[in-house]
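The following blocks contain the structures, represented as structure tokens.
Here come two complexes built around chain A, the first alongside chain B, the second alongside chain C.
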Partner chain A sequence: MSSLALLAEIRQSSERRPYEVLKLAEPLLNSSNQLTSATDDAWLVYEQVFLSALDEGQIDLAKALLHILHSRFPSSQRVKRLYGLVNEAAGHPDESHKLYSEVVDKDPTNVLALKRIIALLKAEGKMALAANELVGYLDTHGNDFEAWLELSHIYLGLHMYRQAAFCLEEVILQQPANHYFHLCYAEINYSMGLLDIALKEYLRVIELSTDNVRGFYGVKLTADRIIELLSSSTRSGSGGGKSRRDAQMSFSLDNVPQMPVLEKLSQLATERLVATYSANKAASAPTKALEDWLKQ
Partner chain B sequence: MAASNASDGLKTVAKAVAVLAFVCMLHSGYAAREFLLYSKSIGRQDLTLPIEIVLECLGALGVMIFAVVLGVGELKPVSYEAEMKRYSIDGVFSRPSFQVYNHRGRYLRPSRSAAPAVPAAKD
Partner chain C sequence: MSEYTLSSQAYAKAILHSAKYPWAAVHGLFLGEKNGSKFRLTDAVPLAHNWTQLTPMFDVALQQVQQYASSKNLVIAGYYVAYENPDTTQLSASGALFAKSILAINPEAAAFVVDAKRFKAREDGRPALVPFVYAGEQWKEQPKAFGDAKGQFVLENNQALTTARILVEERAEIGIFDFDDHLDDVSLDWLQNNVLNERIRTA
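Moving on, here comes the complex of A and B:
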């Protein structure tokens, strides 16, 4: 596969792999005729390499690339934003802020600049302020799932699980078939102790993606925990003990499936996990330990 | 290599068959029109099409459907799960417009900070 194709693949996956990008791009940049032959793609590659250079702290390379982009697109807002990024990476966030504010003053609908202003707050570590700004931003741009996701992660960083879960609900509304979001939502609910919702969402994950290991672990842990709670609540039948236990739990045991169903779910998860791991021939000590844990 | 050659050959044949079937369909349409004009001119009362024309039209349609599907090339799986396989969890959660750049990246590989030969600006 040519390095251009690899670069395009990394670009489309939107993963952050600056070192690989720079390595792939270095020969392309040194013989510039190769990049021009790629016509339209060349400018995207320049932007991609520029961002990777910032990530790797190679400010000089980034500036050179920015010069090329600027001479091609002198009046582009997208390139203007890249100037702000250089300043951010070089440690001049105030100048970046001035530039973004100018762009927003001229065109209040410039989403990219608005997001950078919020990202600047994040870079300074003012997470609560960034969350505030993001809430304001989402009032006008409610269909921006990337911003909802960002807000959810900021809330997670602040240990505000309930708010984070709400943001992920918005994301799921927009992309209901993406199992990664269901997984994240399930894990947040598990952290909050809302095991009934967590179980449902973990089941949704394994429904949407075949043999999802993380999903099956979730099903197993959640189902086993609910079984434990159910059996202890039936054992301590006397009223006083029960109400104390209910106060500890953040969800109602009425919303969970019946005991046999839960046991079957736990069994199924164990079975699929063992099958998935034994399909992978490179069995090792960790795999062995895992199987022992699953079978107990 | 041989397999791809064989499937290429199949594709070419299928495309040719599709074109042929389309011509047959046009022909059946033309024949139907001629039949109706002729029937009117001789004043026939029963205007139902003869069975050959109907058969030619339906048969050509059936053949064309199969030939087009065979000739169109590799079909992609329709399930959303197959589509989701292309995305990794890192990509889905990366949020490119909120990335910050004042991180430790510049200290990870300081030896490379000497930038590679800077490409000259074209034009």
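Moving on, here comes the complex of A and C:
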């Protein structure tokens, strides 16, 4: 596959692979004829390599590419945003902020510039402020599920788990068939001790995707933990009239499947884990670790 | 007072783990040999680079590493973490909790925060790790660590710093796989990372 095609693939998938992009683009940039004679792609490639140069700390290369872009698109707001980025990378956040604000003033709907202002706050470590700004952005752009994800990420960094969970709920509303979001939601709930929701969501994960190892680990972990809590609550005789809510648990034992179902789920997870490790030829150390873990 | 010696392999793997995901927080465990109150940190097991404030897969991994460690006559000697923001060299609330969960297994375990800025600055022959020791119900930073050949924290040899630098420069981090990677592809050996170990040995 040609370098241009590979670069296009990386742009398409939005993966962050700066080192590879630079390596692929090097020969193309050195003989500039190759690049400009190759369709409209050329300018996308310049922008892509610019971003990768920033990621790799090659500020001079980035500036050179920006100059080329600016010559071709002198009054472009898109290029102006790139000037903001290079200023961020060079450690001039105030200059960046000024540029982004100008873009937003000219066009208040410029989502990329709005987001860059929030990213700037993050880079400066002002997480609470970044969260506030992002909440404001989401007031108008509530269907931007990636923004909800970003907000959940910021909340997790602030250890605001409940708020992070709320964000994931918004994402799932918009993208209900994507197992990845159910997975994140399951893990946030597990971290909060809400094992009933965690189990349901891990089950959704294995329903939505085939042989999802992380999902099965989650099902087994959660089911076993609930079985343990159910057993100890029965032993301590906390049936008899009052709802089975242990002071140490954040969820109600009335909200989980019956014991036989839980045991079957745990068994299913065990079988699938063993089968997947075997089918994918897992190495001996992790396989042994799995076996020991399943026995405990 | 417990003493900790850091080997090339342990140091290199922690640094490479954080170098592989510069935009994310990463964390993992240090394994070591125990001799009374002296720990020789011989290896690092990288755990996660995603959702590092969340607990379920950390719980699973911790249980598995415990069993792996005892099968090799090693103990879990420490917890390491590298934060997204290179200015952060203090343990976060979740980091402190994860490190504390190690104490239940080894009450003498230490915690380490990767100091990316120190690594970049090639500072005065000290590793880019800030150790924390649990005392008086909290994790206390040991800022003078690794500065004294007879101190509580020492490098096994100065080669460790050069090795890590060589490996980062040649981008050896593409060869390190953590538990997160393993969960996506179970054929990856997150517990050992043998191919990388060999590269570290010959660097």
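Here, the second predicted complex is superposed on the first by the 284 of 296 C-alpha atoms of A that agree within 3 Å, B and C clash if a C-alpha of one lies under 4 Å from a C-alpha of the other, contacts with A are read in each partner's own complex, and residues count from 1 in each chain.
Just so it is clear, a residue touches a chain if its C-beta (ideal position, glycine included) is under 8 Å from a C-beta of that chain, and two chains touch if they have at least 3 such contacts.
Quick caveat, the model's predicted, so the values are computed rather than measured.
Visitor: Overlay done on chain A, so just call it for chain B and chain C: clash or fit.
Guide: Fit: chain B and chain C sit side by side once superposed on chain A.
Visitor: Quick test of understanding: once the structures are aligned on A, what is the angle at the Cα centre of chain A formed with chain B and chain C, as a multiple of 10 degrees?
Guide: Placing chain A at the corner, the angle measures out to 130 degrees.
Visitor: On the A-aligned overlay, A:Tyr19 touches which partner chain: chain B = first, chain C = second, or both, or neither?
Guide: both
Visitor: Would you check which partner chain A:Trp293 touches, where first means chain B only, second means chain C only, and both and neither mean what they say?
Guide: The answer is second: A:Trp293 touches chain C but not chain B.
Visitor: Is A:Tyr190 contacted by the first partner chain B, the second partner chain C, both or neither?
Guide: After superposition on chain A, A:Tyr190 lies in contact with chain C alone.
Visitor: With both complexes superposed on chain A, which partner does A:Asp107 reach: first (chain B), second (chain C), both or neither?
Guide: neither
Visitor: Decide which partner touches more residues of chain A, taking chain B and chain C as the two options.
Guide: B
Visitor: Using the superposition on chain A described above, determine whether A:Leu221 touches chain B (first), chain C (second), both, or neither.
Guide: second
Visitor: In the superposed arrangement, does A:Glu271 touch chain B (first), chain C (second), both or neither?
Guide: A:Glu271 sits against neither chain B nor chain C.
Visitor: Would you give the minimum C-alpha distance from chain B to chain C, in Å, for the three-chain superposition?
Guide: Superposed model gives a least chain B-chain C C-alpha distance of 5 Å.
Visitor: Following superposition on chain A, which residues of chain A contact chain B and also contact chain C?
Guide: 16, 19, 184
Visitor: Can you check the complex and tell me which residues of chain A touch chain B?
Guide: Residues in contact with chain B: 13-16, 18-19, 26, 29-30, 32, 35-36, 53-58, 60-61, 64-65, 67-68, 71, 85, 88-89, 91, 93, 111-112, 115-116, 118-120, 122-123, 146-147, 149-150, 153, 177-181, 184, 208-210.
Visitor: Give the list of chain A residues in touch with chain C in this complex.
Guide: Going by the criterion above, the answer is residues 16, 19, 125, 156-157, 159, 184, 186-188, 190-191, 198, 213-214, 217-218, 221-222, 276-277, 280-283, 285-286, 288-290, 292-293, 296.
Visitor: Name, in rising order, each residue of chain C that touches chain A in their complex.
Guide: 23, 51, 53-57, 59-60, 63-65, 67-68, 71, 84-85, 87-88, 92-94, 171, 182-192
Visitor: Contact residues on chain B for chain A in the complex?
Guide: 80-81, 84, 86-103, 105-110, 112-113, 115-123
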